[in-house]
Amino acid sequence: MGMFRLEGQDRVHAGRLAVIWVILSVIGIVAALQIHYPPYDNSVQGADQSKTMALMTVLAVPIFIGVVLMLVYSAIFFRRRGLELVDGPPMLGNTPVQVAWIGISAVVVLFLAVVGITTLASSSAAQAVGAAGRAIGQSGETGSSTAGGQGPELQVQVVAQQWYFTYRYADYGGVETTHLYLPLNRPVELHVTSLDIIHSFWAYQLGVKADANPGVDNVFHVTPDKLGGFQVRCAELCGIWHGHMADSDGRVVSQSDFDAWIAQQQKDEADIQKALPSYAPYYFPEPLTKGS
Amino acid sequence: MAVRTRGRDVSPGVEALLDARVVSVGVWLFLAADLFFFAGWWFAFFYLRALNNNQAWMIQGLVRPNRGFGTVVLILAVLTALAYFAASRTPGRGSVFRLLAPVSLVLGIAAVLYQGYGMWHLGFGLTDGAYPSVFSGLTGSWLVQLAGAVAWLATVVLQAGARGDTLARPHSATSFGWILLFLAAVGIINYFLLYFVA
Amino acid sequence: MVTAEHVSERRLSIPNNPITGVLLAIPAYFAGLWLGTLFGLNDDANTGIILGYTFATVAFLIGVGFLNYPLERLFGWRVSPISDPEENRGIGRFFRLSLDHKVIGMQYLVTILIMLLFGGIGAMLIRSSLLSPDSSITPPGQYIMLIGLHSVMMIFITSAVIVGPFGNYLVPLMIGARRMAFPRLEALSFWLVPPAAVILAAAAFWGGFPTGWTGYPPLSEQAGQGMDSYIVGFALIGLALIVSGINMLATIITLRAPGMTWTRLPIFVWGIFTTSILGMLAAPVLAVALVQLAMDRTVQTSFFLSANGGSNYLWQNLFWFFGHPEVYIFILPAFGIIMEIVPHFARKPLWGYRTGVVGLFGVALLSWFVWQHHLFVSGIAPVLRPFYMLSTELISIPTGIIFLVTLGTLWRARVWFTVPMLFCMGFLFNFLIGGISGVYLSDVPTDVTLHGSYFSMAHFHYTIMGGEIFALMAACYYWLPKMTGKMLSATIGRVHFWWMFIAFNSTFFPLFIAGILNMPRRVSSYDPALQGLNTWVTISAYFLFGSMILFAGNVIYSLFFSARPALANPWHARSLEWQLPTPVPAYNFERVPMIVGGPYDYGVPNARPVADLGGLVGVTGGG
């Protein structure tokens, strides 16, 4: 503390603040860790996001508490007493304190950036499949790859248009379906594209959000690891019925159920299939007409 | 000594010096802003050219704009700027100024009219892909600014008489030279991008 | 700038006022509309409407008197002289073209507060329709229109709400100047705002526009004629940002009084300085995007149509290259206000002045390198995401400096808790939440869930409304006594603060939760499970609106009914603007002052007064 050249009064205040800050921060961090953060852990990616969100909250709590504590403390102890206007001590700054503040914030920021970048790298690389069709880097702690389905990534194309999503399964002759079914524990490569304007494919429970652009193949990866339903919504303003562009019938099913479902779809959609353009990374829309 | 100075900071001589600094700083700030404007267009040029979506940056069989035509416009614009810049640097705005400044005005008007004529005779339709879009937008934006600059050039030339503003406020006419030079420089960059790099 | 000797005696007098402007604008609009149809484009009159709006704006500006100066310069004789501020002290000067920066500041303040009322009503209508989860109160089409009008109106307002009124009014007073560098540009930056607001409002006649403030094509190319309002209105605001930025920078660079060195500059002026750099350089990029959008919609070019060689990413890049500096255009002057006001009421020098200035410049510089964080999930260049994640998170370092400087100033202070000081404390609390939530959005893995959800909507309302608007309120309570000569009621002010502070947090904090729980932005129908939360928010929003009405009531009551005259320096502040008499004389200073002390030297032994107002003859420019 000597290097900060604190005067007697500074020490009293700083000591008090430090004790309160540590106590409140510990309480706050413990409380923050009790929360189960969305989007929960229905997929490898969702679990990563959940964990990152928890980490951020743990880091944010002491910062938030520290600043608010300073504000409240100033309001109580550093307020003017009496009616007379008195000038405070003329402190112009304190280089070590400033350097320390900037240094600490830089460390926190760089730490967050490194964590963010490694999480990003692992959650997309974890599912990235090499040319040999081998799933790489399934990180052990996510515990995602226990069950079968270790084949190559399932290729699913998400086709957005005003105001609904359809899905085409490249591995099954490009069959087009109106709901998204995904097999459990199988890495999926989503190819998101649009036929008219920009939409955004948001499967909340799976931790996936990807914009659908006309003429663009936007690739996202997901590995669902819990059975159950999920919701699909559009998350980019796409015109009048944007708020209604939602489907709550997405399903994560077992591989055998999936096989049965997709076979049924291929049979049911066979007529429509003939009319569809052949499967492509993206489809250029017809020239737009003006006015609505 | 409660002298009412009516918005003038101090004596007229000092006021003129200050005015010169204000105008000069203002012009450089404007040029910085304008540089970002054209940089936005150059970004669009390179971005769309690199993406080449649907192979439609330069569609097959597109009639390219006439390079000779662009060369003539560019030479006119550069000469306008150089002539005016040289004129505005002559001490006292004497006979050299009175000769060169009108010349630059005539050259400038010619550049604007010639480029304007070119914009109506592009040789391609605006719907023919990305290059025609960028060509018309970038050249059109440059043309509009050049036309505005030439209009002010006309003011400067008309006010070059004995009691006119150009002599009363020499700094304004001096700083204006940089705007013409800037537009000529942008014209050169556009010329290479649109006629050669594309 | 006033009487010049060489000007001949010939005069042409046109009655220049906004009424002439409107009378000229109406036929000009129809002339543009007619001209547009001559091109024969199959574009639903978009060409005509864009030309009409443009012509109408030009005609309005001519009617107000902006053509007179170029004509004077061209012909050498007076067209319609602007009356001298020393002679014209009547109320009429606020209703016509004035080159007095104090008049322009007041014109800005009143205009923008009126616009704020309309933007706020839009917000109330949006919240009302969200009382029901199934679009039953407002049909989706009208809901989307409300979203568009509210967002763009608020962007217009927040671009100028501090720089316009307080920057124009105070910068010359704070740097010891008698005028602005370019008074005509300054006036132009104001007179572009009313046409922009009217043109934007005109979109309602065409059914609004469906894109929100981001205007993403191809949706904006598919949209109807309301989109043309967006294009022209936004372009006018962009132009206002450019001319205002050039004027502010030139003024601060060239017209500082002798002795007003860069290290004595009040920190608010630094806030204006940095924000002006951003406005001046970012708005031209927006202009490019708007020109391209207008061309796509009228002459059928294909800048943004991927089938025809364009790309919607081009818009997203250009728009956010402008758009991210734009949000710092909102907040930098607010930082300036907070750091300016806190020392005066803490009765202490600004702690770490130079570090604070570095913080402002750090934010301004980094704001150019972060724009693609708006595009993390757009599919554009995924390899660049780590870079934009890092650069975005780096911005929290200079932002943290602002907190450090303010908290350091409060340390062992003798804080006088006036209403402006309360709003400063409120700002710090709200902006802290806004800043921390921004870090969640800057991180790609969490952004995947939060992007485009109510979380991001709550985040930017915390920074803009909780930040900039709270700073605006602090500024109003602090400086209106100087600007109007009347004290605002402190009692109502305290009620206003606590009401607004609680209602604000009660409105926007739950929206973070709504976002985390799967509610996307800009939707008229949502998961019925979230209805309770939304109803709570809506009721809080009504209270928030009520607090703004209370503020308006306080202003009206204090100015016209209680009319308690303000002392020249009611806060006993050291800084230069408070050393002037109230009302401020026409040319501010009898002569250019000599600056001899810093503005924040409270308690400094042997501190000299900030300036010698007697001045020095024949010396100009900054030290």
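By written order: A, B and C. Residues from 1 in each chain.
Criterion: contacts are C-beta pairs under 8 Å (C-beta built on N, C-alpha and C of every residue); 3 or more make two chains touch, one makes a residue touch a chain.
Note that this is a predicted model, so its numbers are computed, not measured.
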Fill in the blank from the handout: Chain centres computed over CA atoms; the one at greatest distance from subunit A is chain B
Handout entry: Leading chain pair when contacts are tallied as C-beta pairs
Key = A-C
Handout entry: Separation of mean Cα positions, subunit C and subunit B [Å, integer]
Key = 30
Handout entry: Computed distance of Cα centres, subunit B from subunit A, in Å
Key = 48
Problem - Residues of subunit B engaged with two or more neighbouring chains - result: 53-54
Handout entry: Multi-chain contact sites of subunit A, meaning residues that touch two or more partners
Key = 215, 284
Handout entry: For subunit C, residues contacting two or more additional chains
Key = 306-308, 311, 313
Handout entry: Interfacial residue positions of subunit A with respect to subunit C in the complex
Key = 9-10, 13, 37-39, 45-46, 48-49, 52-53, 56, 60, 63-64, 67-68, 70-71, 74-75, 78-81, 85-94, 97-98, 101-102, 105-106, 109, 112-113, 116-117, 119-121, 123-124, 192, 196-198, 200, 202, 204, 207-211, 213-219, 231, 233-244, 284-292
Completion exercise
Listed in rising order, the residues of subunit C that touch subunit B in the complex are 1-4, 6, 70, 73-76, 84-86, 177-179, 181-182, 242, 245-247, 249-250, 253-255, 280-285, 287-289, 291-292, 295-296, 299-303, 306-311, 313-314, 317-318, 321, 587, 590-592, 617-621
Problem - Residue ranges of subunit C in contact with subunit A within the complex - result: 42-44, 46, 135, 140-141, 143-144, 147, 210-212, 214, 216-219, 221-224, 297, 305-308, 311-313, 346-349, 351-355, 377-379, 382, 385-386, 389-390, 393-394, 396-397, 400-401, 403-404, 407-408, 410-417, 425, 428-429, 432-433, 436, 439-440, 442-446, 448-449, 451-453, 516-518, 520-526, 572, 601-605
Fill in the blank from the handout: Given the complex, residues on subunit B that touch subunit C span 2-11, 14, 17-18, 21-22, 25-26, 29-30, 32-34, 36-37, 39-41, 43-44, 47-48, 51-57, 59, 126-127, 129-134, 136-137, 141, 154-155, 158-159, 163-165, 168
Completion exercise
Contacts from subunit A onto subunit B in the complex sit at residues 215, 284
